[in-house]
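My questions all concern the structure below.
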Amino acid sequence: MERKLKIGIIGAGRIGKIHATNIVKLSNVELISIADINIDAARELATKVGAKKYFSDFSEVINDDEVDAVIICSPTNTHAQLIIESANAGKDIFCEKPIDFNIEIIKEALNIVEKNGVNLQIGFNRRFDHNFKKIKDLAQENKLGNPHIIKITSRDPKAPPVEYVKNSGGIFMDMTIHDFDMARYLAGSEVEEVFAIGKVLINSEIENLGDYDTAVITLKFKNNAVCIIDNSRETSYGYDQRVEYFGLKGCAIAQNDKPTNTILLNENGVIEDKPLYFFLERYMQSFKDEIKVFVDSILNNKKVPVSGEDGLKATLIAKAALLSAKEGRPVRMSEIF
Amino acid sequence: MERKLKIGIIGAGRIGKIHATNIVKLSNVELISIADINIDAARELATKVGAKKYFSDFSEVINDDEVDAVIICSPTNTHAQLIIESANAGKDIFCEKPIDFNIEIIKEALNIVEKNGVNLQIGFNRRFDHNFKKIKDLAQENKLGNPHIIKITSRDPKAPPVEYVKNSGGIFMDMTIHDFDMARYLAGSEVEEVFAIGKVLINSEIENLGDYDTAVITLKFKNNAVCIIDNSRETSYGYDQRVEYFGLKGCAIAQNDKPTNTILLNENGVIEDKPLYFFLERYMQSFKDEIKVFVDSILNNKKVPVSGEDGLKATLIAKAALLSAKEGRPVRMSEIF
Amino acid sequence: MERKLKIGIIGAGRIGKIHATNIVKLSNVELISIADINIDAARELATKVGAKKYFSDFSEVINDDEVDAVIICSPTNTHAQLIIESANAGKDIFCEKPIDFNIEIIKEALNIVEKNGVNLQIGFNRRFDHNFKKIKDLAQENKLGNPHIIKITSRDPKAPPVEYVKNSGGIFMDMTIHDFDMARYLAGSEVEEVFAIGKVLINSEIENLGDYDTAVITLKFKNNAVCIIDNSRETSYGYDQRVEYFGLKGCAIAQNDKPTNTILLNENGVIEDKPLYFFLERYMQSFKDEIKVFVDSILNNKKVPVSGEDGLKATLIAKAALLSAKEGRPVRMSEIF
Amino acid sequence: MERKLKIGIIGAGRIGKIHATNIVKLSNVELISIADINIDAARELATKVGAKKYFSDFSEVINDDEVDAVIICSPTNTHAQLIIESANAGKDIFCEKPIDFNIEIIKEALNIVEKNGVNLQIGFNRRFDHNFKKIKDLAQENKLGNPHIIKITSRDPKAPPVEYVKNSGGIFMDMTIHDFDMARYLAGSEVEEVFAIGKVLINSEIENLGDYDTAVITLKFKNNAVCIIDNSRETSYGYDQRVEYFGLKGCAIAQNDKPTNTILLNENGVIEDKPLYFFLERYMQSFKDEIKVFVDSILNNKKVPVSGEDGLKATLIAKAALLSAKEGRPVRMSEIF
C-alpha cells in the first residue's frame, strides 16, 4: 500500500487555510495537526479539513512523532526559528517565503537544515504556474536559445493597507521577491548586479514609511541575460502577471489568465475579460502543485524543487534592490551579505 | 447545523467516477452508496471516495431510506427505468443525458417524475461552462439584444470506435444533443424547424451504420433566431468548442480554452497552445458546478436548472435532425413526437 | 520599354473613382478616358486623376482605338450591354459584379465575350483580400486537407436605404453574392444544393419589398464540402468579415482587420478596436490588387483570375438561394437556369 | 485653387526613394527636383516619379527659387550643413534623423534655423504610426492617467552589416534613438537620468567596434514616469515593435502588426503570422503621414509636429546612454551637453 506523508501545519491564517484545503485532497497525505496561537482558528480549520489534532503551541506539531513534515505558514518573523526547531526534530519542511528579512538569521537556519539533512522547500509557488512553467519547459527544450532579455510585469490590483507595508519589509521584499525568484529560475543563472528605481506615485503615505508603490528593477545575470521587472501596487484592470523570455532562437510570452474566454463585441469595441483578480484566483493551481511536488519529492526521496538557497538568494537580491533604490546606483551582489 | 444531502450513485464508469470525486468535495453532501453491475467497480470507487455502501443491484441504492437523491450514470438504456424507480421511491434525481432514444419512454418517465413531485435534473453540463454561461449572462442583462444568429462549433478531437457508434444513437444523439440544448438555452425559445446535412468524410465504416462523422444543422426558432451548428468527429487541433450569439445590440463569442496562455514566437510564427484536449479537460469545472447547483437546489427547495423537459426537447430535435438528414429536407418539429 | 495598358473607365461613381485612383498609381497603365452619363462627374474625375479624355457617351470610350481595355463601373442594368459592345470592339474587360440579374442576358454576354476571344474579369475583389488569400494559399499548399466545413460570416455595419434595396436584387444578389463566390473559390468545387433562410429582424419596411435583412445559407458542394454563410445588414460593432476553412489536416480562420493593434486595459476590461468600418476601409487593398492582376494578366497574355463564368455561377447560386428562402426547401442547382 | 508646396529632395537612396514616391501621390505637392552625388541615381528617381529637374549638386536644389521646401535624405554627416544652407536660403526643411552625432553642430544648425524663421521637421516617423498614435491619443484624452511605467520593445529582425555599424554612431544612435523619441513623446516630459546596459550576445565582431547588439535602457523622467526600453539587433520572428503605457487609470498596449489576420490551427497549435518583417513594411504608412503632416503644416502656417529640439533631445539621450553603458552607472542628463 502507498505510504502517506503525515503533515502538520503551523499557522491557520489565509495561506495556512489554502494549504490545508489543498493537502486533504491529496491521496498520499494525512493531515495530522494544525497549530495557531489563536486556538480557535486552529480548531476551526482542523474541524473543517478533518485534522485530528490542533494546538496553540507550535512545538506540539513539530515534536509530534506522528508528524513527518511541517508546513510553516506563520508570520515571517517566526519562520527561521520554526525551521530550526523542525530541522532539529528531523522533520522535512515546507516554509512560506520569505525565510526572514535578516540574512544572518536565514543562513543560520539553512545551516541547521543542512546539518540535520532534512528537506526544506520555500513557497515560491509561481514556479509551478502553468504559463511560467511552459516558458521554463521551452527554455529547457532549447526552443528559445540562451536568455538575452527577460521581462517580468508584476502589478497588484490594489495597494495593501499602510499597516501591512509597515511590517512587510517593503515592496522589494513583499512583492518583487517573487519576481526575483522567477528571474533566477528562468535565467538559470545568478544575479551580478541590481539597479532599482522606486517611486511613490499612488499613495503618498507610503513615502513616510520609506517604501515605494511603483518600481522598475534591472538585473544583470552572470550568463549575460538582462532582466527587467516592473511593479505597481495598484492596477486599474486587476492583477497583471506577464513574463517574457527573449532568446536568439525564440521568444516565449506568458500572458494573463482570464475568468472566461468570451468576448463581447459592440459599439464600444471588442471587449475581453480583465485578468483574474488577484493571487488567490491567479495562482490557486500553483499552490496546489507546489505542495503536491513537495509531498512527492519527500515520499520518493527526490530533491525538493525550491531550496532554502533559493529563498536566501531572492532575499539578497531584495536587499540589493533596496540599497540601489536608496542610493540611486547599481549595486553589485558582492556588496550584499 | 447545515443539512447535508445524502446521495447514492448508480454507475461507476467514467462519468460516475467524475461525479463521485466531485461530490465528496462538497461540504453539503454525504455520499452514501455506489452501485454498479460490476461489483468490483462499485467497491473500488466506494473505497476511493469514502462511500460507506456499495452494491451490484441498483435498487439497493434507490430503495435505501438513508438516500435523498440518486445520480444516474449507468448506460442510456437503463436511464428511464431508473428514473421511474427512483421517482416512485420519492428520490430526487440527477440523470445523465440522454434520457432515452425513445420519445414515448421519455414521456412516461417524465410523467412519473411529475406525479411523484420529485426533482429531475438532466446532465447538460455545458450550460454551466464559464464561457457559455457568460454569453447567457450577457443576453439576460440585455447587452446583446434579441438573438438573430447563433453559431455553435462543436468538434471532437478523435472519432470514437465504431463499436461505440453502433449503440450511441448516432452523431445527432451522442454529440449534437449537447449543441441542441445549448441552442435552446441561448435562444430562450423553442425550435420550429430543423435542417440537417450529414456526411461521412472521415471514416467510411461509419457509413455502413447509417451514421455521419460531419454534420451541419440549421435550427429555426419560434422567436426568429436562426442557429447553425457544425460538428466533426475528428479535429487535427483537438477539441473545438465555440459559441457565438449575434444580436442587434452586441455579439458575444465564446472562444476555446487552452492549457496555458503562453505563446511562442519564432521563425515559424506566433504559436499558441491548442485547445484543451477533450471534454474531460474542457468541461471538468462544469461537471462540478452542475452537481453543486443540483445539490443546492434540492437543499433550498429551488427548481433544478435543467429539467426533464429540457432532456426531452433536445432528444426530439435530434430525432428531427436525423429525419432531415435522411430525407434531405427541412423537418418541422410538429412532425416529431 | 515596358508596354502600358491603355484603359478607359465607364462610370465615375463611387467604385469608378476607386478604380481610377488606383489605376493611375500603376506604372504599367495609362488611363485614357472616363465616361459617365453625368458629364460633370466624368470631367471632374478625369481632371483629378489626369485622364486626357472624358465623355458622357460610353461608346466613345469603347470605340476609341487608343483604348486597350475598359473597366465597367456603371449601374448593373448596363453591364451586359457594355460587355457585349466592348467585346465586339475587341477590348479586354473588367466588369463590376453582378453582370446582370437575368441569367439569359448573362449567358448571351459571355457568349459574345468568348466569340471575340477577349478577356473578361469580374470584380470579386475579396478573392484578393490578404486574409482570405492566405486561406486559399494554405489550401493549395495542402496544409488543410479537403474542405469539410467552410464558414463565412459577412455582416454589414448599417442597413442600406430602402431605395437601394428596391433595385439591388435583394440581399442574396447585393450582399451574399460575394460570399457565394468566396465559397466556390475556397471549396474549389461547384454547388449542388442551396438551403437559405431569410428573416426581417431589423427593418420591417424591407419586408414589403420581399427582401430580408438577416440570412443564413447552407451550400452543399460536389466535393462534399458544406458551406455555411450568415449575413446581417446591421452590426453594432461594424463590418464583420470572417472566413473559416475546416479540413482534416488543419483549419484556417481569417479574422477581422482593425484600425490599430493597440488595446486599452482598464476597469471595464481589455478593449480592442472594432473591425475596420466598411468595405472601403476593409477591402481597399483588394480593389488595388484585383486591377493590378487584371492589368498584369492582359499584358502578359495570362488568363484573368476571375472569369465571366465565375460571375454567372455566383448569380445562379443567388437565384437558388432566393427560391429556397421563398419556398422553404433546399433547391438543387439543376433547378436553376 | 489650392496652393501646392514645391519640394526638392536631397538624396536618392532608400529613404529618398520612399519620400519621393509618397510625395508625388499628395495632391498639394509638386516635386520639383532631386539631387544625389550619384547623378544617375538622381536622374533615375526623377524620371520614375516625374520630377522635372535633377542634379548632382545639392545646392542646386536648395538655391532654386522655385523650391519652397527641401527634404534631406542624404548621409547623416551632411545633414547639419544642408539644414544650415537651406535655412539661409529661406527654405522649410524636413530632415531625416539624426541631425548629427555632434551636439555643438546640431545646436548651431538649430540656431540658424531659428534665426531664419524657417520650419524644421525631424523624421521621427514612428510618432505617426497608427498603433503608437492611438496610445498618445488615449493619453491626451486622459483615459490612462499620468504615465507611471512606459515600456518599449524594439528589436530588429537581422543585425546590420558590421560596415554599417562602423558609421552608424552605435546602437543607441542608429536604433534606440527612435525609442528615445517615442519615450519623450509618450511621457510628455523630459528625461532626467539614463541607465543603459549594453551587451554583445549575437555577433562578437561588434565588440571590437565598441558597440552592442543587445541593450536595456531605463529612463527617469521629470514627471516621475519611468521608461524601460529593450533592444536587440536580431530577432528570430522578425521585427518586434511594441509599446506599453501604464497609468493609474488605464494601460494601453500597442501590439505588433502582421501581414494577415488569418490563423492556422493544426496539430502543432494555433499559429499566427509573424510581425511585418522590417521597418519598410511596418512603418510605410507613417512615412507617408509624416510628410503629409509636414506639407499641411507649412501650407497652413502651423507648427511642424516634430521639431529640431526633438531631434537634439533624442541625440542627447543617446549620448547619455552610451556614457552610462560604458561607465556602468546612471547618467544625469545635466552631465551631457
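Labels for the chains are A, B, C and D, by order of writing; each one numbers its residues from 1.
The rule is simple: contacts are C-beta pairs under 8 Å (C-beta built on N, C-alpha and C of every residue); 3 or more make two chains touch, one makes a residue touch a chain.
Since the structure is predicted, the reported quantities are computational estimates derived from the model, not experimental observations.
Trainee: Touching both chain C and chain D: give me those chains, sorted by label.
Mentor: Shared contacts of chain C and chain D: A, B.
Trainee: List the interface residue numbers of chain B and of chain C, divide the shared ones by all numbers used, and answer same when the ratio is over half, different when under half.
Mentor: Both copies touch with mostly the same residues.
Trainee: Measuring between Cα centroids, what's the chain most distant from chain C?
Mentor: Farthest by centroid: A.
Trainee: Could you tell me the distance, in whole angstrom, between the mean C-alpha positions of chain A and chain C?
Mentor: Distance between chain centres, rounded to whole Å: 58 Å.
Trainee: Counting in whole Å, what is the centre-to-centre distance of chain A and chain D, each centre being its mean C-alpha position?
Mentor: That pair's centroid distance is 43 Å.
Trainee: With chain centres defined as C-alpha means, what is the inter-centre distance between chain A and chain B in Å?
Mentor: Comparing mean C-alpha positions, chain B is 40 Å from chain A.
Trainee: Which parts of chain C, given as residue numbers and ranges, touch two or more other chains?
Mentor: 236-237, 240, 249-251, 265-266
Trainee: Could you please specify the touching residues of chain C with respect to chain A in the complex?
Mentor: Interface residues on the chain C side: 236-237, 240, 258, 265-274.
Trainee: Which chain B residues qualify as touching chain C in the complex?
Mentor: Where chain B meets chain C, its residues are 145-146, 148-149, 151, 153, 155, 195, 197, 199, 201-202, 214, 216, 218, 220, 224, 226, 228, 230, 232, 234-237, 240, 246, 248-251, 328-330.
Trainee: So in the complex, which bits of chain B are touching chain A?
Mentor: By the definition above, chain B touches chain A via 25, 130-132, 134-135, 138, 143, 249-257, 259-267.
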